[in-house]
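Below you'll find a set of structures to go through.
Next come two complexes, and both contain chain A; in the first it sits with chain B, in the second with chain C.
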Partner chain A sequence: MSARLFPVVRALTFVALALVACAIVFQLAGYPSAGMFAAIAEGAFLAPHAIVHTIRWAMPLFITALGVLVAFRCGYFNIGAQGQFYAGAITAGLVADALHAGPPVLVIPLVLAAGIAGGALWALWPGLLRVLSGTDEVITTLMGNFIATLALAYVASGPLKDGSGSGEVAAARPVAEGFRLSTSSGVSFSLAAIVIVVGLLMWLLVDRTAFGVLGSLAGRNPVMVVWQGARSGRIAIGAFLFSGSLAGLAGALELLGPSGRLLSGFAPTLGFGAILIALVAGLSVSAAAVASIFFGGLAAASLYLPVIAGFPAAAIDIINAAITLLITARAWPAKLTVRAWPAMLRRRTATTP
Partner chain B sequence: MARHAAPPDGDNTMIAAIAAILQSATPLIYVALGGMIAARAGIWNLGLEGLMIAGACAAVVGTKQSDSAGVGIACAVVVCVLGSILLWFVIEKLRANPVIAGLGISGLGLGGTDLAIQAIYGNEGSVHAPLSLPQLGAGAGAFAGCSVLVVAMPFVVAALWVVLRRTRFGLQLSACGEHPFAARSVGVDPVRMRLVALAIGGVLCAFGGAELALGRLQIFSVGMTAGRGYMAFAAVVFGAMDPIGSAAAATFFSLVEYLGIKGQLVFGNIAPPELILSLPYIATVLGVWISSRLRGGAAALSELREY
Partner chain C sequence: MSALACDDVTVTYGETVALSGVSVAFDAGRIHAVVGQNGAGKTTFARVCAGIVRPSSGALTIGDEPVPVGNVRASRACGVELVHQSFALPPSFTVAEALEFGSTRPGGLVFSRRALEARWRAHLENLDVPARLSDRIRDLPVETQQGVEIARALVSDAKLLILDEPTAVLAPLAIDRLFARLRRLNASGVTVLLILHKIREVLAIAETVSVLRAGRLVEALLPREGMSPASLARAIVGSSDVDLAAPIALEALAAESERVAAVHLSGVSTRAVLGGPALDDVSLTVGCGEIVGIAGVEGNGQRTLVDALAALAPITSGTLRLAGHDVTSAPLLERRGHGLRIIPFERNIEGLSLASALWQNWSARLLVVGRLLRLIDPPRLRATSRTVLERWGVRFGSVDQNAGTLSGGNAQKVVLAREIDDDATLIVAAQPTRGLDIAAMAFVWRALSEARDRGCGVIVISSDLDELFDISDRVVVFVSGRIAGEFRPPYDVRTVGEAMTAAHA
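Then we have the complex of A and B:
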């Protein structure tokens, strides 16, 4: 088996193991697990329009996962993708609302840039705290998620509130029809083009630039790159900025694409899914594209299960959680461990705060 | 709403406020103590959120099925200890990354309780328990609504302080976190000590979840922890992995939340409720930042040494 295939086989092994564990759990909970998995496959790929829903979720997951992947490669535990996604959506929404009468050709790039800036800013402060004070980014980015979730609820129900609706759900005014990149299906040529371009750019960044290579080295062995004269602080800030901007871009695309307006708590499991995709993909950009389709399918199925098949959507959460639990395992079979993973994923003991 | 003038009897409102803060802080304190023990043994337990909600769910389901709060707490303890052992197995035996595995446990708790409620009671988002934990009763004045777990909390904190700071076991536990190699060299098995630490943490998370669901509300609803487990994790770090420190940090978060709600009553719509609800999270970030500033140089060094 070639070295390139190890991570693939490893990821598939763990996903399969997690699915078997889930099948046992579903059976014990009194649900027919064969029927459950058949319904998930239907909801993800087989039912009419299922593939559209799958791609709709795969696209934002892929972009956000690329951000997580960059941070993880550089050795930083940015688990705040959800918050950065919301921050990007908020700034994009504010710009789209302020410029609602502008020409779409100008406004759409501005809105996307605002989303990128918002996400980057929301990742910058944990990055700065980490570099300047050694504050652990696991906690700061995690808390950032909660703060951004509340900020979105505030913006959607406060400054941008849609006066025409029933007022039950905190929803902002819809963005102007001309700015939309897709219908509510969330799949369109322009969205797909943006996602593909971003994917290629990130592949170049990770594999073909000094930042990407140095960052990956820093992730594997931070002491070595410092001794070799690399400025680890700059790499760290770069990792956080790229990570946040991608999540923010996903937020802006969600706003201009499927959602069409800011909604309190929309796409609530996107950040978690993105972390999962980055890890299942072994922090590789091309593998992340494939993994995004799989987890996009699961996301599509979680909407399909309760409505059409009559199974609880929590089944998908459990599958995702079971994969999360196992995906970083490095025990057996020994050949399948990924030696190139960042040191932080191998670090076993807690750092003394 | 008009601003309050001086309340008619200041002492009583003060005592009522203390009772309210104590009650809302207790679940957080128990869970933070559970995370604190794991952190001392060298595992950052991000599964606290999942363990807490699993404890809350098991406590309510157990109480509802048996009509006894004691059985409910026992169910919660069993479920949380099993969850902790699963986390230990994945981290220590399968050698997974603790942070990611912890997030997995949290996801399992949140999704698993959702599935369990739907499997047992059909399509419902919440379950009522027929009775709450035993409470102090009318004789206790403002503290009448405090459950046994609230009363036991200070003693648990004190006992943990003694055990962790003044006994051989406690020092061995800290050694496993601070310098596993040194611990092993004097015959202490860090892997086994972490199992003990996570199991004790599971019991404490069960108490936290049971108090959350059965203390004042007598209800379990899907996702009711709403990030309290993660907040408890932050309290562990803010409290410098010390029993009293962690409990104080958890109390502080509850105090901020309480003051936020009170402030909203006083100032009405001037401050948006979302800002007030985010105060504990902002306080957490500030707390962690300050604690890392205070230990700045040492922390940076110790981290480099690990690689």
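Then we have the complex of A and C:
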């Protein structure tokens, strides 16, 4: 029992410590920290419609975080969720635009599939490079983010550009109204249903398949699974594909849901938020659901702070940064470190036979 | 009155003649043994008798009644039952289910678990098998599994019980218990036909001995009285092999005896690996039931040998056969499928994932087999691994605790529990006692000896010559990736030591 609770206690401790550190920073910067936290809580949960905003952000964060945690569990540090999210949005947008006159029952699944395929492809090439030539996926997936960001800007302002708009922002033509899964609120039953189904499927994958358990063994000791005869290349490619698919799906849902159109640089912090959620959740699917609500709340508050409460939105960045610093610190006593982290670093030094 | 008579039985597999003109009549009510070397046709003979193999020609009779050949149902209906060499009970069944499975006892198609157990309780108790009817077969020790097999065979009023190499899987004490059980059965009227290959065992139990050599019955129903180990050995091997060299089978025989070698390296060369020289034209055969020790100054090819066996160092020339299968270029997973098990050099890196739960460490060997996306049952894997680890005497609290929390000796027991199983044909133990205390060392040596006694081939690599001399049936010395000498007991530390260092000069 205590072994199960321990990661939860540890994550909560990290977050609490981060908030304490932020309080000090706020105070030093001349803002009342109590007022700041109250405003954040209002923006996240208490104000009218705050909870809708929170859920709107929690859903794509959760789906993307699931992808990140699958890769991390298998020991692959795919930090390209943002790029894979954009890649999925682009392919989904192209399909939605090409089939804009089609029946929604057919087109919506096709658009979602296109998003999954786009995200998967954008994770596949770093995966192949990693398996075939040992190229560090941290570098390749990070670079992939920039390429995908520029590709999105190109598609939104080029082939799919909305001719009727003012032209100030690179924005694509809106998708057909019939394809939308939600209004711009980003919350609907269909979106929620998809998120819940995906969450359950990923729990099955991680906890109840040979891939999930073998992958987590490989993530902690890749040499040992090779000595057991595991086809570690397949595990790696699987990890990258699942990871990219989920980010790509989130991209497609963003397109058909709240956004309604491809927009250059939309949801720019989603990928890194997802990485943070995966780490805070200790790479557990159920904990990621809870953490997504928390970080979804912070995202909602970052709009609320400057507009309603008159505080700088940078407060949210500071909180995110503080949590990132603490959760990734390696100098903690052995019992407190995120379990996956040391193994990931060890993998880089271990000699693969 | 004969329990079973064979009349001019011949079995051919393609070009190979497995049995040639065998005629023999086993008297009812006695304990008979059929012996012979590996590949002499013993198992084929047992299978013909049980109706599993259909002979190319010849007939079977019981009493005066002819029995249809190659028909298991007919043979079982006549009271002939076979206990296989490698057990054939489904491992996931409970004992009660296993007894019901394939039983010919009349009555009922649908049972509750309780009714099924009630149905078989008396049968199991009569036979004194130390298992509960609700136990799963896979959770039982090998000896008890065999007891259940015998109980299964006796379900339907068997008159002739055939056991194919029943001692191969048993420890010496368990063999005595098996023989006692067989004598009790015999006293109650069951004729027993044993396929054996160890002379000591034959002399301990058989009333008559028949000898197969290269598919021919060269001695039929010799009485046990007046037989000496030497005379029996002569009968098995043949006074002169040349006169038997009927065109059949010498080649087929050679192929077959090679098949029973646990591993056969022939002229194997590799590239160099990290921390070791390349293997250079290494030829080494390890038989089933043999421990071969690899001696050598560290860094003389021991690691390369293990890597080559594990398919982690590619073989550039030569061939590698595992239990008769050519696996020269097969990946490790396929080799494991043929029974290769490895206790690697680096327990904490290659053997275990210290930051993973015990049950995951133990289950890894099962998880690597089959499709990656198949569903698994973690609660059951936890339960099974708990049972197995307890049986191996691992001291642990919960199977969810990390392997890194165990002491070195306990951690090594986890590796043993995973790598030494009933399907193992070759166990490669690389420095298996490094860093262990005396009690844990003794445990490891005992486990390897028991595996050998069950018929596994074992390769042990150790830098401690005393240890190697204690356990090995044969010691091979490696120098610079070559075999520099081979020694048999009694070992002389000085000559072995000279071989280890001489080639440097």
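Assume the second predicted complex is superposed on the first by the 328 of 353 C-alpha atoms of A that agree within 3 Å, B and C clash if a C-alpha of one lies under 4 Å from a C-alpha of the other, contacts with A are read in each partner's own complex, and residues count from 1 in each chain.
The rule is short, and it goes like this: contacts are C-beta pairs under 8 Å (C-beta built on N, C-alpha and C of every residue); 3 or more make two chains touch, one makes a residue touch a chain.
Bear in mind that the values here come from a model prediction, so they are computed numbers and not experimental data.
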- Message: Applying the document's definition of touch, where does A:R234 land relative to chain B and chain C: first, second, both, or neither?
- Response: second
- Task: Have a look and say if chain B or chain C is in touch with more residues of chain A.
- Result: B
- Is A:D317 contacted by the first partner chain B, the second partner chain C, both or neither? first
- Look at A:V223 in the shared chain and tell me whether it touches chain B only, chain C only, both, or neither; answer first, second, both or neither. both
- Message: Contacts for A:A210 in the overlay, against chain B (first) and chain C (second): which applies, first, second, both or neither?
- Response: second
- Message: Tell me the contact category for A:L129 with respect to chain B and chain C: first, second, both or neither.
- Response: first
- After superposition on chain A, the chain A residues reached by both chain B and chain C are 221, 223, 343, 350-351, 353
- Message: Which residues of chain A touch chain C once you look at their complex with the stated criterion?
- Response: 3, 204-205, 207-211, 213-214, 216-217, 220-221, 223-231, 234-235, 238, 339, 342-343, 350-351, 353
- Message: Residue numbers of chain A touching chain B in their complex, please.
- Response: 25, 29-31, 77, 79, 129, 133-136, 138-140, 142-144, 146-147, 150-151, 153-154, 158, 221-223, 272, 275, 279, 312, 314-318, 320-332, 343-353
- Within their complex, chain C touches chain A through residues 273-274, 307, 310, 312, 331-333, 335-336, 342, 344, 346, 349-356, 360-361, 363-365, 367-368, 370-378, 398, 400-401
- Note on the structure: Per the touch rule above, chain B residues touching chain A in the complex are 39, 42-44, 46, 50, 86, 90-91, 93-101, 103-108, 110-112, 114-116, 118-119, 177-178, 180, 227, 230, 233-234, 237, 240-241, 272, 274-275, 277-278, 281-282, 284-285, 288-289, 291-293, 295-296, 299-300, 302-304, 306-307
